[in-house]
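Letters A, B, C and D mark the chains as written, and numbering starts fresh at 1 in each.
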Amino acid sequence: MKRFLSRGQESAGIVTSDGESAQAFKVHKGMGLINHVFSEDSLKKLYVSNLGIGHTRYSTSGISELQNCQPFVVETLHGKIAVAHNGELTNAVRLRRKLMRHGVGLSTSSDSELITQLLAFTPPLENDDTADWVARIKNLMNETPTSYSLLLMHKDIIYAVRDPYGNRPLCIGRLVPVGDMNGKGKDNRETEGWVVSSESCSFLSIGAEYYREVLPGEIVKISRYDVQTLDVVPRPEGDASAFCIFEYVYFARPDSIFEGQMVYSVRRRCGQQLAIEAPVEADLVSTVPESATPAALGFAQKCGLPYIEVLCKNRYVGRTFIQPNMRLRQLGVAKKFGVLSDNFKGKRVVLIDDSIVRGNTISPIIKLLRESGAKEVHIRVASPPIRFPCYMGINIPTKEELIANKPEFHDLANYIGADSVVYLSVEGLVSSVQESIKARQENENHLKTNKSRVGKIGHCIACLTGEYPVELEW
Amino acid sequence: MKRFLSRGQESAGIVTSDGESAQAFKVHKGMGLINHVFSEDSLKKLYVSNLGIGHTRYSTSGISELQNCQPFVVETLHGKIAVAHNGELTNAVRLRRKLMRHGVGLSTSSDSELITQLLAFTPPLENDDTADWVARIKNLMNETPTSYSLLLMHKDIIYAVRDPYGNRPLCIGRLVPVGDMNGKGKDNRETEGWVVSSESCSFLSIGAEYYREVLPGEIVKISRYDVQTLDVVPRPEGDASAFCIFEYVYFARPDSIFEGQMVYSVRRRCGQQLAIEAPVEADLVSTVPESATPAALGFAQKCGLPYIEVLCKNRYVGRTFIQPNMRLRQLGVAKKFGVLSDNFKGKRVVLIDDSIVRGNTISPIIKLLRESGAKEVHIRVASPPIRFPCYMGINIPTKEELIANKPEFHDLANYIGADSVVYLSVEGLVSSVQESIKARQENENHLKTNKSRVGKIGHCIACLTGEYPVELEW
Amino acid sequence: MKRFLSRGQESAGIVTSDGESAQAFKVHKGMGLINHVFSEDSLKKLYVSNLGIGHTRYSTSGISELQNCQPFVVETLHGKIAVAHNGELTNAVRLRRKLMRHGVGLSTSSDSELITQLLAFTPPLENDDTADWVARIKNLMNETPTSYSLLLMHKDIIYAVRDPYGNRPLCIGRLVPVGDMNGKGKDNRETEGWVVSSESCSFLSIGAEYYREVLPGEIVKISRYDVQTLDVVPRPEGDASAFCIFEYVYFARPDSIFEGQMVYSVRRRCGQQLAIEAPVEADLVSTVPESATPAALGFAQKCGLPYIEVLCKNRYVGRTFIQPNMRLRQLGVAKKFGVLSDNFKGKRVVLIDDSIVRGNTISPIIKLLRESGAKEVHIRVASPPIRFPCYMGINIPTKEELIANKPEFHDLANYIGADSVVYLSVEGLVSSVQESIKARQENENHLKTNKSRVGKIGHCIACLTGEYPVELEW
Amino acid sequence: MKRFLSRGQESAGIVTSDGESAQAFKVHKGMGLINHVFSEDSLKKLYVSNLGIGHTRYSTSGISELQNCQPFVVETLHGKIAVAHNGELTNAVRLRRKLMRHGVGLSTSSDSELITQLLAFTPPLENDDTADWVARIKNLMNETPTSYSLLLMHKDIIYAVRDPYGNRPLCIGRLVPVGDMNGKGKDNRETEGWVVSSESCSFLSIGAEYYREVLPGEIVKISRYDVQTLDVVPRPEGDASAFCIFEYVYFARPDSIFEGQMVYSVRRRCGQQLAIEAPVEADLVSTVPESATPAALGFAQKCGLPYIEVLCKNRYVGRTFIQPNMRLRQLGVAKKFGVLSDNFKGKRVVLIDDSIVRGNTISPIIKLLRESGAKEVHIRVASPPIRFPCYMGINIPTKEELIANKPEFHDLANYIGADSVVYLSVEGLVSSVQESIKARQENENHLKTNKSRVGKIGHCIACLTGEYPVELEW
């Protein structure tokens, strides 16, 4: 699916269909950033109709190789299909063996090829003559509970699918008809259309409007002018949904909308909550630019301290080739930032960071601030410590690398050189995330709107607590 | 297999194995010439042991795409296999449907992926625990009679296979132990080894010696120090072998050895035979450089005329970008050659070409010679006219494009502007090719050596006569 | 000189000297960004000693061509010299004719080659045997009053020169000796050294400390361990210095220091001043990210309104290749930003911009905010309108393109769709810039420190008022 | 000048003029082969009229750098000039000092910049208002006797100049008017024009006809429709012309014409002469492909032995990256050739080479032939041994590297492993070169045509004998 964001920088691909023949796919894929992979020429060749799916890869499992580039295209008895996938299957190993035992050779280590072959492989249900892709998709969803958000293209249809736990995001945008500069031709249906994306932030830049999320377990059929729900595959009785909380904390762009709320707002609430949980006597509040800025503004506002910048990003960090001598080794992270020393000389600084994962970037920042005149440096982290690996699509360092699992964590302020350091509590994060969702749900209850389609709402906080939403298989 | 020749310029790939783990393949593939695809860096990464297979692709069927690059690697229940293939299956369409009906999605249009999945797919013969690759290979050979020369790598073994008709070439070379500059260490077995290639000409450039051909239908197992025949799958009763005669005429490098004879020698005999079939009163014999030179020398020698060059290759033909005006359009092929006019001014020239396929390059050459002073230009073609498509691995223009199928063919000399034009007869070509093979066979008969393994010897001349060695399926 | 900033993205070059031979320069230059121009390999070749000068080019006059890349190297009677130059000569045309009349062919249109040939050309003062670079530099400074900041390298000496008006910035940094991780070896003079740069912000990222500015008219000699003032060439009686005010407003990085003050602080003061000059009833203050943020924070603080972000930068703006249809044309600038609509829905927004030059980017931003729910949008611009061209090194659009010179300027709010729009006054800008300089000067007067070296302090505001610090020649 | 041949592979450049303004030159230059340097895009930008000069650089003096790329363009008082130069000045050092003493900084080490600045520098003869390029060119020719062939472009005129000794080649071709396919429009003067090139072989590939050589010392003015001799600068009394004999032996393409004769014919005569000087009992004559082929055919014909190929070129020699082990080191040159062993097994081979310079490539070839079955290998070299450096434009190895100056030369056959080795005599070479020139001259004498313009004819054989045509200066 279209996930043209910073996270997917490893490879990029687009497959287009002429919408008629099941053989006439155009494919262009390559390693690297989108702007590197696609030239004017390659885009022209792809431009066969107004139908296509794309993907940018952010490697979690699977080796970094061109073979692993998505979308995957295979020819089946019923013509070609193209599949784009975000997520990671929790029972991939078992499913791979199952397919190989049946005689299918797998050419990559990626879950996305696995899903594609599972869709191709599913024995024809009644006879050979019809493909019944919905039956095949449901079959797949019964084989593997999470995590995946999928796009499947066949002829002139795109199926958008989100796993029953809703672990990975997926949403739909609408291309409203446009007229000319004078507004004429706004009824021209040729300019209408639908787009699907992991993050809604991508819609604005192509002139589309946010329409709605694909629901957990939902199978949506998208054709030229229509968006149609074909089915909603339920979770096991009693299981809550499990949207990845890390998308709010770090991964998503601040202007994206998940579950009816803007990511920026959640992050600001985290900052406010942090000010309540861990206030501090200081002269100013600042941010590690740029991802922590919403939390920093929330913190400053809640505790009534002035907000000011103390660091500016150095956009032109050169690569260090030659003789990384003592001086350059000691510089470390400092090369990435400029210091606005006049803003904090002789002052007590509260510095908000969005997360401290390995703990090796915050420490030189603190050193930098002190050397430039900060009187005190208090660190407040707008998320809880990460302690456990993710098996559902987020690339988290090994347990051993996580600062929260190291002995130094017990005296963290001292280790990183801060006057104090406090993380947001798990409860604080969850309430910051769920506060407005619950408010809206209650409101909907009053209005007796259809809430049954989503069921019980929860979030995957496995990386914080080790409690995974489904059993992991090996 | 290693086919590092001019013919395979579309893509290149190498897969290496560490010889122990069935998972530890290293793969590097890319579009374009070898020197473009492989850098020092990529080769270093491939260098995990002394075991690997490579491939350069010359597209016949299948679109030109990275996906089609060989060798193909798939993971099976018994570990990874890598397959390199030269040839084209005559019953590919039926085999593709068979696989897809079984639920295997095919990700490319290439026969090579088809072969790889057929090898992976074959139901385990007795149980799951052993792979029995020889049984799988024989199964594959029973499914499809021709044409293929294959390398299959699994762990520390490479299987080399040639189809029962021997349509595509395949031969084995031997890396003899080397010592240092003073000859010391020549008994060092570490420097021994075996190589397999489509053409023997590649052996010299890596310091290997020609050892022998893989026989039609033969399955050879190649390990660190041994080459061992596992089986020879026979042809149907009465069928002769069908090595591609076009390899002799045009495709192979002149220093390659097929069926015990050097390609250069065959081409020279073709020139001699042509001099017998179509002599001409003239002052000199020359060549369209460079592939027709052996035939031209043979022709000149047989008819007692002096041989001299009339054209030299212009190695630095620029691309014509801007405004291909009348002048440049009229230049055409002339840009590719320099004219050695002093060598033929006022003289009658016999110009030998290796083949006239479409007929659109010889005509401007004749014009060029006449404008530069040639009194007469007689064309002699060292092969018969090509009239039929090839379905076994040679990329031949469509029937409509072949000059031999056009009306103009009936007055070809006039059409191309020559004083006369004569092709070699089919019989003349076949006898030039088979003459020394038959002599050797008779000799071997006298010596009662084992000739049964090869059976009746013939050659595929389908592109000349339309008689294909096996029935074609669609 | 080292000017490794965003402004100089057109080309980059480095010249190093081995410090002994006047012939042994190493040169590497190329078009494009530094990371594109320099590879590990090219840097290794440059690494002949610890002496060198570099340059990144931001084109003002002179065509964009490799030939124009700096530093310029020429061989003179006294060996090779390398020159890096920032600025633009106000009497270049006359100087070019003078040189050409003397018989020197000029190979580029750049002022930097002109300066280099003027330095080479100057007739030897007494005899041929000594170069006397200082005399030549003074000669050059007498020929052309402004604007230039220069580095001249010869053998083991670098001369740093700033024109008498100090129009372009130039400052010196100090590499303090470093020890190992334990602080040992801090007395190792090998790790000492000096660096010169247009902007002090570059020092931090190479581990250097800000030392001081080069004064207007000053010629500084930099050798291995010493920095020495050789001379200070005075301005004509009564002329004030004329440092470019646009460096404060827009051009420089916020963490750079000019005339003893941080650029960020000046920008914040501009925002505060703007709040005094043009207050507005509103619910929130925000910024056009990222350059207007200091002014926005200053404005918000001064008028007591909350500061919040309304736009986020879209870092992965794709190029639009195909069919820039009506939709994409209408998107325009919107593609560059994400909208944080929850932050301002239904609210009155004061949006601070750092400058409005052509007026074609602010208008779609306002439209975007309104469509996303802003009730009112008031624009406050933290600099005065630009009305005049710069002939001293800043690339400003033509007079016709400047919004302040268009008829629409008289009803600008209406033209750009804002509820109100107010620019900072020229006096407001000048006082924001000079406030702390004057305070410090007065303080120094009390302390009787040497103020004579700088003379009367002024700033070049020609682009705002049309009053140029020197007479322009054509 | 246009020298688009294999020899100039280091860099390439084109400068075009719109023919009206003296400022409107378009320039594109770059390192590497023409096809690498020029894209469709860059050529389009150059296409401003039908006037331009180009150059490909083959480095002799001067470092390999973009700065040294030709043509050189400089602006003078009288507008821009572009200069392309082939050759090397024998008094460059003195001229450089002269220019630098006058105050001109030289930005490269190339003679071509030196020539360009000398043309720009020459003091205006009477007044400033006219350039008088012919006077400047003659001035230059008086300053430096050899070696240079030059093109100078100014506005709509190109001046073609050859030094008085005629050391480097230069010839003129004519673009005859072309009509359409039916011959209509052949009187269209728009398609007429003139081209100048180092070698006539380049004319055919652009549809031009050979017209004539530029004479030694001649200054030719080329405009849209005319070619006009402006002057012929004479040599010192008694000096013969000194065209480089190495052009015939090795450097030029065989289809080029110098001094009225085709290079191929000269080479064939060298082979014939060699057969007379050094006959040998053998079974066949062959060539080291491809440059020695004309000589080999001449040798074979003269001594009545059959000619056959023994080596074929391996066009796809890979780079050897990894672990150049003993095997690959021993392979050496063998990688470049395929061996046609059936052609010489058990036979006595005479192998003709065009020159043996360092002696390190012929030795492995001989070894290869012997190992492949040659009974005897006799080497005949179609040129005399090279013993002295060239200071006039040919890149010859240092004296120490030349095999003819090594002790091993006295027993060369033994050293390279040949049964015998004989070089052509200097007299034999000179007579092969001059035979037909003298015949033609005598013929012209009878006809009383104007021979005075060329004067006494000789050739530069300095690399063979150490006698240089002019005194060398340092």
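Here, a contact is a pair of C-beta atoms (placed from the backbone, for glycine too) under 8 Å apart; a residue touches a chain by one contact, two chains touch by 3 or more.
Predicted, not measured: the structure shown is a model, and the values here were computed from it.
Shared contacts of subunit C and subunit D, meaning chains that touch the two of them, come down to nothing at all. Summarising the inter-chain layout, the chain whose CA centre lies farthest from the centre of subunit D is A. With centres taken as mean Cα positions, subunit D sits 39 Å from subunit B.
One inter-chain figure worth recording: subunit A and subunit B are separated by 50 Å, centre to centre, where each centre is the mean of the chain's CA atoms.
Averaging C-alpha coordinates per chain places the centre of subunit B 63 Å away from that of subunit C. Residues of subunit A in contact with two or more other chains: none.
By the definition of touch given earlier, these chain pairs are in contact: A-B, A-C, B-D, C-D. Contact residues of subunit D toward subunit B in the complex are 4-6, 33-35, 38-40, 43-44, 47, 175, 178-181, 191, 201, 204-207, 253-255, 261-262, 264-265, 293-294, 297, 301, 306-309, 312, 314-319, 321-323, 325-328, 330-331, 334-335, 337-343. Subunit A makes touch with subunit B in their complex at residues 27, 29, 65-67, 72-77, 81, 96-97, 100-107, 109, 116-117, 119-123, 128.
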